[in-house]
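Supplied in structure tokens, the structure appears directly below.
For clarity, chains are labelled A, B, C and D in written order, and residue numbers in each chain start from 1.
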Amino acid sequence: MRYFSNFIDSGDHFTYVCLSYFIVFLILFLMFFLSYTKTKKLEKEFTLLSKNETKK
Amino acid sequence: MVLEIISVFFYRNKRLIFDNFNLKLKNSQIMILIGSNGIGKTTLFELIVGILEPQKGIIKINNQLIQKMFEKKRKNFTYLPHKDGLKDNLTIIENIENWNYLSASKYDFVKLKSSLDYFDLFKIKDENVGNLSQGQRKKVSLSKLILSNNLLWLLDEPFNGLDSDSIIKTKRILENHRKNGGSVLLSSHIDVKIKSSRKIVLNKLRQKRRRDICEINSWEEL
Amino acid sequence: MIFKFANPLRFQKFVSKYQPTLLYLSLIFLVCGLFFSFFNSPPDYMQGETVRIMYIHVPCAWFSLMIYSLIAICSLFSIVFKHTLADIISRASAPIGASFTLATLITGSIWGKPTWGTWWVWDARLTSELILFFIYLGLILITTSYEDKSKGDRYASILAVVGIVNLPIIKWSVDWWNTLHQPASISKLSSPSIDQSMLTPLFIMTISFLFFFVSVLLMRIKAEIIQRKIDVIRFNRVD
Amino acid sequence: MRIDGFFNLIKREMRICLKNSFVMISFSSFFLISILIFVFAFGSGSIDGDKLYKPIVWVLLIFSLMLISENFTNNDYADGSLKEMQFLGYSEEVIILSKGIAMWFMIMLPTFFLIPISSILFNVTFTNSVILFLNICLACPSLILISLVSSLFSIQLKNNKIIQFIIIFPFYMPIIIFTTSTTNNDIDGYIFDDNNFLILIGIFFITLPISLLTSKLIMKEINR
């Protein structure tokens, strides 16, 4: 806890560290989110297409 | 046997083009491949020449595998592709000379002159190829045939865009070549008549069969 | 062995079974790592509190290199054996690698501002990392810009194999040239030159990122396989 | 591979080059006009010539290399002569090598006149321009090979310029770094003691096999 309170008091450095953590997690989350939506969309499309195929 | 194609199987772009295709070409024989557009005539020539490799099957020229032929041995056939490889801003004679150097037949100006004369091209030999019409371009590339000393000729659509007069002239060259013991494989999308030649009609592979293959390809490979 | 997974159906089942678990594991490790990095590690006596950036900067850098070497190995495999799975893996992991590289560059420059006084220096390691980012961009562009997918894959694999020249330059640039960037602290596992309390968050973060990478990679591979199936169905319909 | 086949290829490339003299003219006029634009943009008063001259020349050279490399590969691909050379039995490495030699000739011949003229415009000292010229001589072969490979990469694409640039950029960077650092070190008069010249030659010997190999792979891929 002592380390953390020191860290919060460190002023300028605190913003730098928080900014970098925020940016990294933002990038990784975006990566995850984009691939997740892409997968879901493709899965939907595939089930639709394969249904049509079997009907024929 | 000059040219031998044994059970060639080839697909590209998920599309099956040849399935168990066989062809044999003997000495002093002219063979005409007839088929509609997109059937794979050009592909067949490229397979023979070694630009493409078949997935299965063997192709032999003079009883030698084409993939194992190196520069010098490759000079024993003459292939005129559909895209003629003529440079627009070079004159006719420069183009022919370039081809002559690359195909490593000996430079012989008299022979060159006679070959250009045969199609009445010697008069306009200093014209840029870009200014010529489609038929004249074809004539320029056909005059390479007279220059070459090879026995096997592979011609992709030689009669495209020619007038009737030069079609007759071309046929005369082919027949002379046959009499001298050479053999010719040529393709055409329309029916042409040449004396004592064999015809092979390429048919489109059946729809269902093609589909099966395509499915097998994508699933097995995954 | 590898060809056992080559069956797409089996692979998809595997992915849908284990992918969420991997993601949860990564989240758990992430929370642990955050706790360690903020509460349980001391500030560096030279760099001060900014040393905490290192706990994400270093794993990102490792992964940017590791993913590239994965792509390069897959590309070599695909050039030699022409196996589609290798193409799919390299296609799926290129964007992830690019995002890790971007993260490395951004955190590095944020770290550089308080420590060196500038956002960016044309130092060997930074430059080579930037080059890596551009190679990733080229890979992504070349795979997406071809109509015929297999052709794009083949070109991309050739490019990836050529680009492997850059990897040793990044790895050993700090040893070869005397640069501003500090040399690797954990080169020897037996006696690392940094303290134990700083090592724990670093490794926990690395493990968390590893799980994240694997789960996203699996998801992207699955998407790629479905995409190819859709392409096959569409292609058959056209005929 | 017989050696006279190689000479035949070079002869062919040179003949096409000399016939396409508009390429050389357009290259040199592009170079001169851009230099003039830079001169006008800086204003006539105070140009810090020695410092700005080298980067400007390198930027222009790289862009013009990219533009010219298209003439060698894309035209050949379009009219089918690339295929023709392949089925006539010339190996892919030799084709690319002959193209590279022809292109080197085509770049170096105008540069020989362009560098002095533009260095007069920029008020650059004589030694500096000589060093720059030497640098271009040494670095151009590897740059040319890389640009040929990258133009092969994008030969079948419609909007190929951007992709070509992005592919080419990471591989150009080390060469540019070393060339510019050579020209910056010459203040003391130690020109030829510099290691960077040796490094440039070394880079050429690394790029030569790699680019030949990749071009072989790509040219096999193009036909497929």
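Everything below uses one rule, namely that a residue touches a chain if its C-beta (ideal position, glycine included) is under 8 Å from a C-beta of that chain, and two chains touch if they have at least 3 such contacts.
As the structure is a prediction and not an experimental result, all values here were calculated from the model.
S.K.: Write down the chain pair with more C-beta contact pairs when B-D is set against C-D.
M.R.: B-D
S.K.: Please indicate the chain closest to the centre of the assembly, with centres calculated from CA atoms only.
M.R.: D
S.K.: Chain A to chain D: how many Å between their CA centres?
M.R.: Centre-to-centre distance between chain A and chain D: 43 Å.
S.K.: Cα centroid separation between chain B and chain D, in whole Å?
M.R.: Roughly 37 Å, centre to centre.
S.K.: Please work out the Cα centroid separation of chain C and chain D, and write it as a whole number of Å.
M.R.: Each chain reduced to its C-alpha mean, chain C and chain D end up 33 Å apart.
S.K.: Using mean CA coordinates as chain centres, what's the gap between chain A and chain B in Å?
M.R.: Computed from C-alpha means, the inter-chain centre distance equals 57 Å.
S.K.: Multi-chain contacts only, two chains or more: what residues does chain B have there?
M.R.: Not one residue in chain B touches at least two other chains.
S.K.: Could you tell me which residues belong to chain D and also touch two or more other chains?
M.R.: Where chain D meets two or more other chains at a single residue, that happens at 224.
S.K.: For the complex, give me every residue of chain D touching chain C.
M.R.: Contacts found on chain D: 153, 156-157, 159, 162-163, 166-167, 169-171, 173, 177, 206, 210, 214, 217-218, 221, 224.
S.K.: Tell me, which parts of chain D touch chain B in their complex?
M.R.: 1-2, 5, 8-9, 11-12, 15-16, 19-20, 75, 79-81, 83-91, 223-224
S.K.: Show me the residue ranges of chain B that touch chain D in the complex, using the header's touch definition.
M.R.: Residues 12, 46, 49-52, 69-75, 79, 81-90, 94, 98, 101-104 of chain B touch chain D in their complex.
S.K.: Taking the touch rule as given, give the residues of chain C at its contact with chain D in the complex, in rising order.
M.R.: Residues 79, 127, 131-132, 134-135, 137-138, 141-142, 145-146, 151, 154-155, 158-159, 161-163, 165-166 of chain C touch chain D in their complex.
S.K.: Touching chain C in the complex: which residues of chain A?
M.R.: It comes out as residues 1, 3-4, 6-7, 10, 12-14, 16-17, 19-21, 23-24, 27-28, 30-32, 35-36, 38-39, 42-43, 45-46, 49-50, 53.
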